[in-house]
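Naming follows writing order (A, B, C and D), and every chain is counted from residue 1.
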Amino acid sequence: MNRVKVGIVGLGRLGRQHAENLAFRIPNCELSAVCSVILEEVEEVQKEWNIPYAYTNYDEMLKNKELDAIFIASPSGFHCEQIEKALNAGFHVFSEKPLGLYLEEALHVQEVVNMHKDQVFMLGFMRRYDKSYAYAKKKIEEGKIGEPFLIRCYGLDPAKAINGFMQFAKNNYSGGLFLDMAIHDLDLARWFLNAEAKQVWAIGGAYAYPDFSKLNDAETGAAMVKFEDNKMGIFVAGRNSAHGYHIETEIIGTKGTLRIGMVPEKNMVTVFDETGAVKECSDGFLERFEQAYLSEVEEFISCIRDNRKPNVTVEDGVLSTALGYACKESFETGELIMVQSPYHKLTNK
Amino acid sequence: MNRVKVGIVGLGRLGRQHAENLAFRIPNCELSAVCSVILEEVEEVQKEWNIPYAYTNYDEMLKNKELDAIFIASPSGFHCEQIEKALNAGFHVFSEKPLGLYLEEALHVQEVVNMHKDQVFMLGFMRRYDKSYAYAKKKIEEGKIGEPFLIRCYGLDPAKAINGFMQFAKNNYSGGLFLDMAIHDLDLARWFLNAEAKQVWAIGGAYAYPDFSKLNDAETGAAMVKFEDNKMGIFVAGRNSAHGYHIETEIIGTKGTLRIGMVPEKNMVTVFDETGAVKECSDGFLERFEQAYLSEVEEFISCIRDNRKPNVTVEDGVLSTALGYACKESFETGELIMVQSPYHKLTNK
Amino acid sequence: MNRVKVGIVGLGRLGRQHAENLAFRIPNCELSAVCSVILEEVEEVQKEWNIPYAYTNYDEMLKNKELDAIFIASPSGFHCEQIEKALNAGFHVFSEKPLGLYLEEALHVQEVVNMHKDQVFMLGFMRRYDKSYAYAKKKIEEGKIGEPFLIRCYGLDPAKAINGFMQFAKNNYSGGLFLDMAIHDLDLARWFLNAEAKQVWAIGGAYAYPDFSKLNDAETGAAMVKFEDNKMGIFVAGRNSAHGYHIETEIIGTKGTLRIGMVPEKNMVTVFDETGAVKECSDGFLERFEQAYLSEVEEFISCIRDNRKPNVTVEDGVLSTALGYACKESFETGELIMVQSPYHKLTNK
Amino acid sequence: MNRVKVGIVGLGRLGRQHAENLAFRIPNCELSAVCSVILEEVEEVQKEWNIPYAYTNYDEMLKNKELDAIFIASPSGFHCEQIEKALNAGFHVFSEKPLGLYLEEALHVQEVVNMHKDQVFMLGFMRRYDKSYAYAKKKIEEGKIGEPFLIRCYGLDPAKAINGFMQFAKNNYSGGLFLDMAIHDLDLARWFLNAEAKQVWAIGGAYAYPDFSKLNDAETGAAMVKFEDNKMGIFVAGRNSAHGYHIETEIIGTKGTLRIGMVPEKNMVTVFDETGAVKECSDGFLERFEQAYLSEVEEFISCIRDNRKPNVTVEDGVLSTALGYACKESFETGELIMVQSPYHKLTNK
């Protein structure tokens, strides 16, 4: 098979990074088209990287029959509709997380994905492709820590990004802390524990920025989840991490424990000065997950060429979203919430 | 004032360590009497360390008017009665934790303590006197991390001690995981957050040792606590830590975070071998808290000599016990539990 | 400018990795030709990656006028001759380290490079392009540690590679421990200290593998170097590192210290098991410097396109080689050796 | 045997700490006499701790026949004379390091010690009694790292103490960096490698404080030592460590490596703030070696009571001093120096 020709929609910060990777750093891949509603972005990228096609209209891009795959990096609210259109137009599809902002649309997308079984669909749960996370998964599968029964996940955005987020959140529906920030961790928990959630209690508050309360959201929050077989999940998500972007995951098993990112170190330098021995910390997701953002797309292209399915499924997107909504509901009501199967709900309607 | 003369009751593993410290390593202190129901223990210690008085009957020891203070290191079930008797006999009293196995007796002891305001009473929450914990407290008081709003506490006993514990637990009421293991952490949480608990949900199970389920106890458990002002507490307690005795505490504040014992390292040696770079871990509480066990008693003796009160109060014992019982109730019922003031309950009776 | 078309010579372990990177992961670059004396290697790579041209004769490849640049990853003994030929044929040249096995040929190459000032020449001192090393350099330039005055460099190959090395060394002239292993560190020292070496004393021996003595080489060795302005360099190189590939660099300045790779950790996972808290370590240079091997070549291609010179110069190659030879001489004679300028020597001839 | 009665001479910073330990924290020991030429010091300590005897004249203290042992914590220049007098007066003797400022007097003390074989003599190389160092020694004896062949020792005093030291050094002969600071490390090297030094080269300079050059001393220096069997020693000593008191020791063996104090952490707290993840560092020797200062004296008292000899011998003091002098000579002359046996020298006279 020849190089996979990809068209990308969305050229924001992360979208642009994906576009650059697709253009230059992914084996057997060609960035053939770029699309954004912002004309200047499209023109700039097309010119700088010499991209054959450029669009400001997504539907127009889907008419381009030279393309093999569509890469969706647009704002979250557009994901579901764009996934559906691209699949129906016959393309392989990669979509950034989340699958959708609402559970219903996520469920609908799942149906659409399942109707196009010959096309590759992949969701951007990139952490599974991070070398450290992949290594941890391998260790667990090899039995290194026995049976995993507790996972603790920290997903903390750097404090210096908080003003930008507040601005965004006042104008847009982000889904709130648990759906927006914790969604990666909810996916990781299901993946590492190999179990689904049964019950959740979520708490939190606004400690330094009272505006979060006005948005009915938490600045920092914690959720405890009871999974099948009494397995336990502890999730801390936040927007105000003084030392930087702190993504840490711990899996405790009957024979050992793994910690990933115990200190969210920026690199391998330790600075010794009058402060002490200092490990500087990650600035944000582009720095921390640079390699994972490449590897997940390498896997996507490789799946298309080899005609196989990626490890992340649309169901992972649906079930993580369902759990995220249960966290959100618990946080908003203060109650202990049963996590019902989204498929059950679907049937009931 | 001259040296403080102390009589100790209980010469088990921890009791004997305390006795040795009282005899040799605490300034201005003299171990004048030892007491245990096991005659051989008493005789051995008396002879080896040349202790003036030895008893197998606690009440007899309380008649010794040369003594200034009684140090209680007997099994938990005796604490309340022995504290009361010693206070009524006019002695200063140090008691190992817990204050009592039942909330009612703890409340009663509080009344007794309050009736003897001229005598020093101190509870063995030694972690507050560990250098690292004390340092963390100081940092917080200096505003280093802003306002603390989340605490995460791990209290994990080494796996190699599990058979011994199972044997003990089958024959004795230990209070269960949350009262027995987590009690130190519940005290620390109240101390660091400077807030009382409002609600708790606790989960857990038996993952490697099904016998815990028969005892209606958890091998490893987790509790999430909502404190006043939406502050959050996360507690993980367990009996099966593969790598050793893992006591870790994290306090997240609006401006920074402190972690104490992130890696429960045995000492300052790192071993590099075919395994990798290895930090060996603490064996157990006597190794990890060797210094704290000395410092708390130094403080007790110093309080007696200076006629002042220690930082740990009887109320700390009562409130931690109340929270421990709420965790236990939540674990047993699966419900979200309101943590009611124990004083409120008392009044209602 | 269009994509830079590259021909690579040498398809061994590192050569093949470079080839794959040139083919797929370097922006604005195209791998147009591959060359190796081993026919099967050439055929396999050409077919697998669909490379236009393939050669078993280096001189033939140099006749291909479609190429812009030659990438030399052949055995060290060929570097000088191949660099000279490629430059004379008008190509930009990237050569893996070392510049040459002998100081005289390195000096000769420098003359050749200087005669082709319009062509880019770059030497594979990739560590300068490793994110952590680059970060350390930036910190120093910003004055973070004041004036650097001591550097300590560890370059230790994993024990599990020792048999392979012994086999190689019995049949080939490797240059010995200080020229072969320590050469990267000697370059780093000059780069970080911004000073040239004046005197060196080197010691070492064969501790587990007596065969090193027969080869007149050291299994592990140490060199102490006095640089200009009394700056100090400490170098430990070895072939028998139990825990893996250990590359560590420390720079001490008047106001602080930087350590790079203090623990040569494989990734961000910490394993807690009965051994303790374990950081697994790097397997070898391809794992540790994966990113640096990409970034240096990105820089090479970028220099060609932008018509500018890379930070690593041919002089860096010459001076590091001269220092390596001084270490070797000291180790062999046991004497304290003056490091004479290689240019001085040249003039004297 | 009853409690060992000790008289201490020297009540400076370290002396006073020793005195307090002897008085209160050492089992089976009694501080019966204190001596200092400064009357106020003596009076203050006597009164505060209720010490039976106090002297301003050392010879007077030696006449007190109630004493069993003399503890010497006076300035270095007095050690030899005071050791000799105390031994001749029949006392057991503990002396702080160094044995003497000059090799000749150290050799003389050795003769005196050897003439009093029934008395315990111990030198304050307390690091051997630090838990981490003792643990490392045990690991080596168990064969954990195979045969040790390289030791690297850092002994760096905190920058904040530098002005105090400069003041002292301008008025007193300290012995210089290698004899004063590195002496502990020279002892450790001999202990861990189980080999004696053959050759040394030492370099160094004044980088931030030019006054060191005027004193003919180094602000920071490095020495490389060739030991018997080609074993290697690397020593870095300094007075200007920005982050604090940095004592680090690494022992590399044929099967593994041990590092002690890789990060000279103050305690088990990690601070996460805008700087990153910070381990604060040790302030100085009293903080870092608090436990070792107790344990060495416990061992001294225990040796007296059990009628046995401590692990540190007078010969360790002599041989470390001889090596320190060789470092000093190399630093001053710039030459590679043969380390001659001090006993050989003695014979030659």
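Odds and ends about this structure:
Just so it is clear, a residue touches a chain if its C-beta (ideal position, glycine included) is under 8 Å from a C-beta of that chain, and two chains touch if they have at least 3 such contacts.
Everything quoted here is computed from the prediction, not taken from an experiment.
Chain centres here are C-alpha means, and the one lying farthest from chain D is A.
Two copies of one sequence, chain A and chain B, touch each other mainly through matching residues, since over half of the numbers at the interface are common to both. Chain centres here are Cα averages; for chain B and chain D they lie 38 Å apart. In terms of their C-alpha centroids, the spacing between chain A and chain B amounts to 42 Å.
Inter-chain spacing, taken between the CA centroids of chain B and chain C, is 57 Å. Chain A has residues 145, 242-243, 255-257, 262-263, 265-266, 270-274 in contact with two or more other chains. Residues 20, 23-28, 131-132, 135-136, 139, 144-145, 255-262, 265-274 of chain D touch chain B in their complex. Residue ranges of chain B in contact with chain C, taken from their complex: 159, 242-244, 246, 263-266, 270-281. For chain B in complex with chain A, the touching residues are 145-147, 149-150, 152, 201, 203-205, 207-208, 220, 222, 224, 226, 229-232, 234, 236, 238, 240-243, 252, 254-257, 262-263, 335-336.
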